[in-house]
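Written out below as structure tokens is the structure these notes cover.
A, B, C and D are the chain letters, set down in written order, and residue numbers restart from 1 in every chain.
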Amino acid sequence: MENKKSFASDNWSGACPEIMQALNNANAGHNEAYGELDDIYTNRAIKKFKENFGENIAVFFVYNGTAANVLGVSHLMNSYHAIVAAKTAHLNEDECAAPEKFIGTKVLEIETEDGKIKPEQIEPFMQSIGFQHHAQPKIISISQVTEMGTIYTPEEIKALADFAHANNMFLHLDGARIANAVVALNTDFKTMVTETGVDVVSFGGTKNGLMFGEAVIFMNKELAVDFEYRRKQGMQLHSKMRFITTQFERYLTDDLWKKNALQANAMAQLLKRGIETIPQLEVSQEVAANGVFVFMPAELIPKIQKRYFFHVWNESPIGKPGMKEVRLMCSWDTTKEDIEGFISELKKS
Amino acid sequence: MENKKSFASDNWSGACPEIMQALNNANAGHNEAYGELDDIYTNRAIKKFKENFGENIAVFFVYNGTAANVLGVSHLMNSYHAIVAAKTAHLNEDECAAPEKFIGTKVLEIETEDGKIKPEQIEPFMQSIGFQHHAQPKIISISQVTEMGTIYTPEEIKALADFAHANNMFLHLDGARIANAVVALNTDFKTMVTETGVDVVSFGGTKNGLMFGEAVIFMNKELAVDFEYRRKQGMQLHSKMRFITTQFERYLTDDLWKKNALQANAMAQLLKRGIETIPQLEVSQEVAANGVFVFMPAELIPKIQKRYFFHVWNESPIGKPGMKEVRLMCSWDTTKEDIEGFISELKKS
Amino acid sequence: MENKKSFASDNWSGACPEIMQALNNANAGHNEAYGELDDIYTNRAIKKFKENFGENIAVFFVYNGTAANVLGVSHLMNSYHAIVAAKTAHLNEDECAAPEKFIGTKVLEIETEDGKIKPEQIEPFMQSIGFQHHAQPKIISISQVTEMGTIYTPEEIKALADFAHANNMFLHLDGARIANAVVALNTDFKTMVTETGVDVVSFGGTKNGLMFGEAVIFMNKELAVDFEYRRKQGMQLHSKMRFITTQFERYLTDDLWKKNALQANAMAQLLKRGIETIPQLEVSQEVAANGVFVFMPAELIPKIQKRYFFHVWNESPIGKPGMKEVRLMCSWDTTKEDIEGFISELKKS
Amino acid sequence: MENKKSFASDNWSGACPEIMQALNNANAGHNEAYGELDDIYTNRAIKKFKENFGENIAVFFVYNGTAANVLGVSHLMNSYHAIVAAKTAHLNEDECAAPEKFIGTKVLEIETEDGKIKPEQIEPFMQSIGFQHHAQPKIISISQVTEMGTIYTPEEIKALADFAHANNMFLHLDGARIANAVVALNTDFKTMVTETGVDVVSFGGTKNGLMFGEAVIFMNKELAVDFEYRRKQGMQLHSKMRFITTQFERYLTDDLWKKNALQANAMAQLLKRGIETIPQLEVSQEVAANGVFVFMPAELIPKIQKRYFFHVWNESPIGKPGMKEVRLMCSWDTTKEDIEGFISELKKS
């Protein structure tokens, strides 16, 4: 069957029914293009974002997470500045050098166990400040949820924001899975983002039930001046903007974002518990949101992938001979039956 | 009413019903992300493109026309090369310097009456070849339909392609309204594009009934090697790719592209005939496709715009005191009633 | 003879004796690299610049004029901004698209007769302000002396600066031949630059007797913050900086810049008068500084070039059949005998 | 005294007398600008390079090492490719992100003890080949002499070149101190570079007695096609080119490069032996060329720096409490008396 379930990524799922319905509803008659002033869909989406993040924000809509990360960050720096991020950050490893290309900048990597960085790991880069031969650290970028499935507490985010501001830097949050993090922390956007001091957010939804589109949120709208030109030059201005913004309006209505994220996170917990019942497998990272990382015997992997696809994350984890570390992602549409089928398949193999 | 009809642009309309249906249909289960090998929607769309343009093409899907233009062209040049285009080309004037930013290149402008360029106008730029202080002309870029609503004949395109190839250059065709051109010429894609010698095409559909997405077609697949990295680095790789490619599959099925373009073009002819009955108005460009350019008394414009919005294209056309040149665009959803209502409004004013 | 005189360009001459002597003098012992704090040569050069341009400036040294133009301007704009310049501006036509590459920007061209632009010619570009599809005009760049050998009066410069500042823009002055302009105007740097409101200057010397190096002067040092990183990233930081700065120190001492420029300008006047005695030649531009533009019969040109090389500027000037427009440049080392020999050669041919 | 000797860097010294003499000699009359065909100095320098590196090379002259590295490498890659280099590589750490800015690329870092990389350390990056989310490794860049004062044997270079070519990659050699390496290996340029399979070389001289200028050598001239436009667009084309090329001509005549490098290397050995007589100091790296790395008690450093300046390389070397690692560079003009004076100062402190 063509459309079989997988644990490959939360972007192998489609759009959730509510989002699809919103798209159908918005597809009526003419509407001002480019999200300009009279575009009611965009105006309503902006209003929803302000309700969730505060009135002082400025929010812009782009096509995807790569763009949200690159354009958002680029607006707060010059090309001779540098970004500090975990080595595993999507921005660092998985954008095919888009930040380097578009911003003309350098990403300073921090090695981590769990995808999370701490102020004391950034401290050594501060020695470059004022030295004209070195790119000048200006942005700290974190992923929430991280690429290792872990999450920062609001206190940890605040510590990074405080460090950034004390050093004349900004804090960027890559929120490709921001809903999963908020749900895991049992908190809200204001507590996790607005009140911790984050400066710019890539607000993703495609991994949690949207069809396309991502939002760049400047937490202080004064930092967003002229961003419309940056977006257009960055090839990210959609003409039929309503089809991005109607999705975000719906996503932020009736806690749809929360419903989808709760389901994905709950299925990850279920999956984790199932994995733990299988002796030859070992969960390798804290399961904080919707991803489960597992040490799996190498020879087992291709067998299982035939039925349920997933990605190998680490070909040769240290101290685990014969094993690979794999990533299993749950999505808004993962069901209890999917988990049970997968666990059953694992037990058979 | 929020969603009233306008003549502002063919991107003020929504997605046509067939496209919306295709999107709903594709929204089932899991599907491989990023248009990778097992993504059946992408494979089927590629097959449709090959049927229409020939088996030797390579086709890639991006988010919008800005990106199709910039990425497609960038793959055939270095930053020290230059693009030659009409001054009015979207690539030159309306991308907020995206080509300059992403490619690092210069656009050499040609002044035109009608948005069309001729080989003899490119000839003078050839003096720069071999002169190390000048960017080296490498790409000729034309828009079909042009930004002035005019179209090139296949013979004119072939003459430009021949000139390009004789000078070690490439020909790019910005096909934001390519369907409207093919329909106006009563021809097909192979005759207009494949057989004339075009090298790379930006194949648009959003202005003719799609929701989002654009295709970059390399007419010789050898020119496309590595383009997947260019696209990713250019921030234009969609994760849930099926939602772009299912649209193109449907668009190229049962002549949907033709039906939509025929309607838009026919309405432009109807509009033109209506305009011609009004003495104070004057059609200013040949009406070849779905746009009608009109000299209109300046004081009339804001009155009409309140009911039917449209854009002023030239604030002070030469030799037309008291007039402005306006652009009236018809779309796939423009109806006979819309035209009659608009003409009636004009006659009242 | 290998090193014969020419009228090709004022950069075919060598370094003047005083500059060569300064280089020899500075070549003693160790000196702090990169123009850092303890580099006495750089400190003394900066002091000289402040004497000539005022205490509020910040001055940085780079390798050449291309870099001074590109880096200086780039520091006052973002990539989505645009530069407005005469079509003939070196920045526009003769940098092989370096501004487009490094800044990622667009140069908006103004057609001129004489290489000079006026505020009313910039006015139409102001319609782009606030329109997100257009690069936003931010810099006006003028060349003083222009590429056509003409010069702006201080009043004309002030008018452009006032226009720039009234529109939230900056004025850049490409001073590749700034000394020749000041001498021609019988004025000084402060009157021509500081008091007219120029924001950033490319201060050249190589065309007036230096070996290499160019200065970027920010007229308000607050605009120069962080420029040292821009320079380094722009590949323009010289390690043995003393060899650039000792030249500028000497150049600005005992009016050496003035002596050299006076000689070049005087020789251009002598050359002009000689040309005027030859019926088949016609001086085509005002001879304001050290360049003489001449309509010359096409068949005559290769004969003369064998003995005295010079460049053709316009292959087919309008209304001058059978003629080409050539450029004859005088340098600090052009002598009365060179002019007489050249005129005599012309008369023979 | 202003110009006192230091061990800060080999670019604190001036131009050696022979180079200064060549500059004086070349400063006569007019000479074709920009290194064009009739420029005899440039032609003679190119001839010298071919004698040393083989007839199949193409050589271009730029201003400095940053540019030679960035432009040379950029000509063999696209922006979606990546450079693999030692973390300590100048290209990676000390160019203020110039490669990222100009090429739009990513530098993949390898941690090393001694600044040298091995094929097996590059192997893991090969997993990215064909994965569209990752920049594609295309260039291996090594420094010879390394930034840690160590050198590669020709066999080690050949192993890297073979690895590169087997993987469709190129090998770049940053030769800021290439003369010091050749001398240390007691070999010649052909053996160390041409015959090992290096593809592009940054050939420096400023650290070994030149005033300014650097050469980019493509070992296969077919790789250099169009490089003149890259250089111009890279802001690195000098108008009075003879003043760069006459230096290189002289440098490669009568083994001047060798004489200077032998002196610097010999002084480093003398310095090393002196250091070894002082119990509280410890040489921390192999002394292969003209640099000596030393663990030095932290409190001693500022005292010595007052008389002989040098740089701290590592503020807190692992396992050396109370010590810093400092770098002491010898230059072509370092004398036995300088070393003795320095050692004596150390012993006093």
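Rule of thumb we're sticking to: a residue touches a chain if its C-beta (ideal position, glycine included) is under 8 Å from a C-beta of that chain, and two chains touch if they have at least 3 such contacts.
Worth saying up front: this structure is predicted, and the values here are computed from it rather than measured.
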**OP:** Check A-C against A-D and say which one is joined by more contacting C-beta pairs.
**Re:** A-D
**OP:** Quick one: point me to the chain whose Cα centre is farthest from that of subunit C.
**Re:** A
Original post:
Per the centroid of Cα atoms for each chain, what is the distance between subunit A and subunit B, given in Å?
Top reply: 33
Original post:
Just how far, in Å, is the C-alpha centre of subunit D from the one of subunit A?
Top reply: 41
Original post:
Between subunit A and subunit C, what is the separation of their C-alpha centroids in Å?
Top reply: 50
**OP:** For subunit B, write out the residues touching at least two other chains, lowest number first.
**Re:** 79-80, 95-97, 101-102, 104, 132-133, 135, 229, 232-233, 237
**OP:** Please give the residue numbers of subunit B that touch subunit C in the complex, ascending.
**Re:** 79-80, 82, 93-97, 100-102, 104-107, 109, 127, 132-135, 315
Subject >> subunit D contact footprint on subunit C (complex, rising order) >> reply: 1-6, 8-9, 11-15, 20, 23-24, 26-33, 40, 63-64, 66-67, 70-71, 95-98, 101-102, 206-207, 211-212, 229, 232-240, 242-243, 309, 331, 333
Subject >> subunit C to subunit A touching residues, read off their complex >> reply: 34, 78-80, 104, 132-133, 135-136, 226, 228-233, 237
